[in-house]
């Protein structure tokens, strides 16, 4: 008589330490080997798109803050770029420079959280707090500029809510030489640790064509070895003026496109962001940051799909205007939402612990997945 | 790099018995209007054709066009009868670097669109979202369930313009 | 075999490198502070609880309309002629009794959108960030200078005035010889 | 100790009880101290302050937490296997407590001075596995079950390299008694076995590197036996929430905690007995040089405790530095790395001790 066996269904989440919020994963397991992953979303659904239809254009900006709350600045950026395209207005040089600096600082801050929590997923607690110490410095820079630490509402259609603080340039310049050695320290402590490499190399390998077919973007796509960055490939704002590299996964310790590659792409991206900030910080032109803000934002009838390179990937805003003061339809193409759909593909045949590692390497923010 | 006009010509040459239209009336973006029941075929062609190679679906979004007749019932609730729901496909070719927007429209009462999931896997969740929010049924979709709303949400499709907030959800009072 | 020994060596070595870093940090001063005892200085642009200088408020409702979460609710009553409400600090003449100016901080999202449109700069963000309450309704702050009975009184005044005006209007309509009252009151 | 007490009280049962209760007087203050130490060490390694409110630098924090745990409601969910669920924490604690019976705190106090001390310790620590399995199974929770299964596999596997290293030491020293082992490494630190033992000659030089390797192997596998990072898979919080003790609360949870920290000290103490002279002072005794002979046992307890606490500190240091290995890598490490190395080491030390 054959022994009766059945697959074990393990519910991971919505309350689980390493699902990065309220994601629920339904794992079908055979022993500890994952046969199938079914993500269930929506526990953090806050009806952003419905809200946006009832708001005027400037009022939507605080709501965009709350989608990817670890990269609010960049969500503002994406939205204002889209609305400015719809309005057909040109913003002053000074605004563009400040936006780029803020955006790159935000990218570093967001990646620091991603890297720190990834260490936490793997079981290393300490790098998480070291990353948060550095992130705190960036948040202080934001705080002196716009008064908020997390949800900024800083970039407005046509301008900025505040000009930069007189101390901002000096403090940012101090931050760059402080931060470079910290990246090295993180590499020594976590990135090249043998246990960490063992845990992440050759895990969750994502081939390039699968990644593109699934619409993956950002570090997830670049980790697969595809040189793709909207700042270079589809430039917006003034990114075409700066000199920086696009780091891609090279399979340094494992296969191209594994978790370690995605992780290391983020580490390298922080260095590239520092390079952009270095180039921009000395060249901020003078001017008024609010001169181009329209008195009444009432775009003509039309629609636009505009995308920016959010720290998590391609953040797209599809806005339809019916000629009134509030948008007719706003659809957000959230990078985490799209990247998360690859999870099932990547984690088949791995262990439970690897699912945690793979999920962490995608770097999702549930506020953005569920909107 | 091809502009929408050229892409339209290629499409017309490939599918002579289907209707295509180029809508350039709205500023910023021009889009091709295609047939909802042939979108799978068209997508396959767009993704595979050597000249087009649209290998990436940037975004898929449902839109309530709200172009039907608005009807008010006794209690003052407004519903929309007739008109269309649309699905917009924003395509991009990572190899060539051109973009195109395709729109298909379907009747509001029985909205049905062919799924493009087998062409771009990313469409799976996007289509689920469009189903969730607008009730657009994607034919041949492998797993058409609600995605963001609760699976047992019975109060309709929230992003339709005539959606009414329910008073109760599963017997629980919903406070706003 | 070589791979095997290399793995062993890497395992031991990277662990030692990590241990060196954490040991170094053991003697670095802490970056955290003991919060309620020690507080960080706040920057000048800090965005926390709103404050309304009601003496300057002209009741224009612009902040309420700018608010994306509708946490500000304002009710105003027109002043009857002869009542002098004074001026705001930047010289605007007030014409409305602000009978209700409530901000619900349970809803407020601290986006500062209400601060910019204010013509008299009377609504602004302050440095107070510790104002938690045990009951949610306590977070609804009332800024109006008038208490409930005064508000009702003002409302009644206006209604009485309105009624008188109506009566006068009716009288004027009945007797078209004396229409001089209306344009004057509308100006107020 | 037992003999002395039975002479004093004239009652063997009473003497046995007192003698058996004495380790509790050590374990409980030690755990309270160790939990505080863990918090402070982790905090300062992460540039934080850690507990600062209760007492000087928060040293009373653990006591406050202890009282909190006592007062907490003892939650037993309706679907658990109640008998096993209630028994498991105590069984785990018994397993770790029984180890203390054979630990030589000083030359005048050993709970039970048995000749097979090391053998006894290896045997009795197996009880912990039974307790953990029981807890995981009885909790009726998938996460707990996974934790328990992992834990059982882990502890059973890692007993092999531990035993192999101990075997090498037994071959080299010729004794299984912990008291005798400590006595052998007397007077100065160069007599410790990590430096080749008390016998002078070329064999001391020859054996020295292998002793170092033996110590490392022992320390790594003992880490795994007490479920500390990088081997804390049974309670891997990012995967299994809290592993086998997910469903426990209040005092039962505290029991698991107590036994975990008790175990930490026990393995550290065994490491110090085997390699670092046990209770022997590295620099000689003040009591001896002053002629106050009753002071010597207290000094020995001091040295024994401080050596143990040092190794506990290293365990904490490792915990706050390293990521966690995966369950299959844990087995790989054990069977493909530690056991072969331990075998080779065993053979080499055997040869050296022969010639």
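Should a chain be cited, it is by its letter among A, B, C and D, assigned in written order, with residues numbered from 1 in that chain.
Assume a contact is a pair of C-beta atoms (placed from the backbone, for glycine too) under 8 Å apart; a residue touches a chain by one contact, two chains touch by 3 or more.
Worth saying up front: this structure is predicted, and the values here are computed from it rather than measured.
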Intersection of the contact lists for chain A and chain D: C
Most remote chain, CA-based centroid, reference being chain D: B
A-B against C-D, pair bridged by the larger set of C-beta contacts: A-B
Chain centre separation in whole Å, for chain B relative to chain A (CA means): 26
Geometric centre distance via CA averages, chain C-chain B, whole Å: 41
Approximate Å spacing (C-alpha centroids) for the pair chain C, chain D: 59
Separation of mean Cα positions, chain D and chain B [Å, integer]: 64
Contacts with 2+ other chains: residues of chain C: 7, 15, 18, 21-22, 25, 31
Residues within chain A bordering two or more other chains: 126, 130, 133, 189-190, 193, 195
Residue list for chain B, restricted to those that touch at least two other chains: none
Chains grouped in pairs wherever the two touch, ordered by label: A-B, A-C, A-D, C-D
Parts of chain C lying in touch with chain A, wherever the complex brings them together: 7, 10-11, 13-15, 17-18, 21-22, 25, 31, 43-47, 66-69, 109-113, 116, 125
Sites on chain D touched by chain C in the complex: 41, 43-49, 52, 216, 317-318, 320-322, 337, 341
Partner chain D, residues of chain A touching it in the complex: 8, 10, 16-18, 32, 119-126, 129-130, 133, 189-190, 193, 195-196, 198-199, 351-354, 356
Complex contact set, residues of chain A against chain B: 41-42, 45, 47, 49-50, 53, 85-86, 88, 210, 212-215, 226, 228, 233, 300-305, 307, 314, 316, 318, 320, 329, 331, 333, 337-338, 341, 345, 370-371
Of all residues in chain C, those that touch chain D in their complex: 7-8, 12, 15, 18-19, 21-23, 25-34
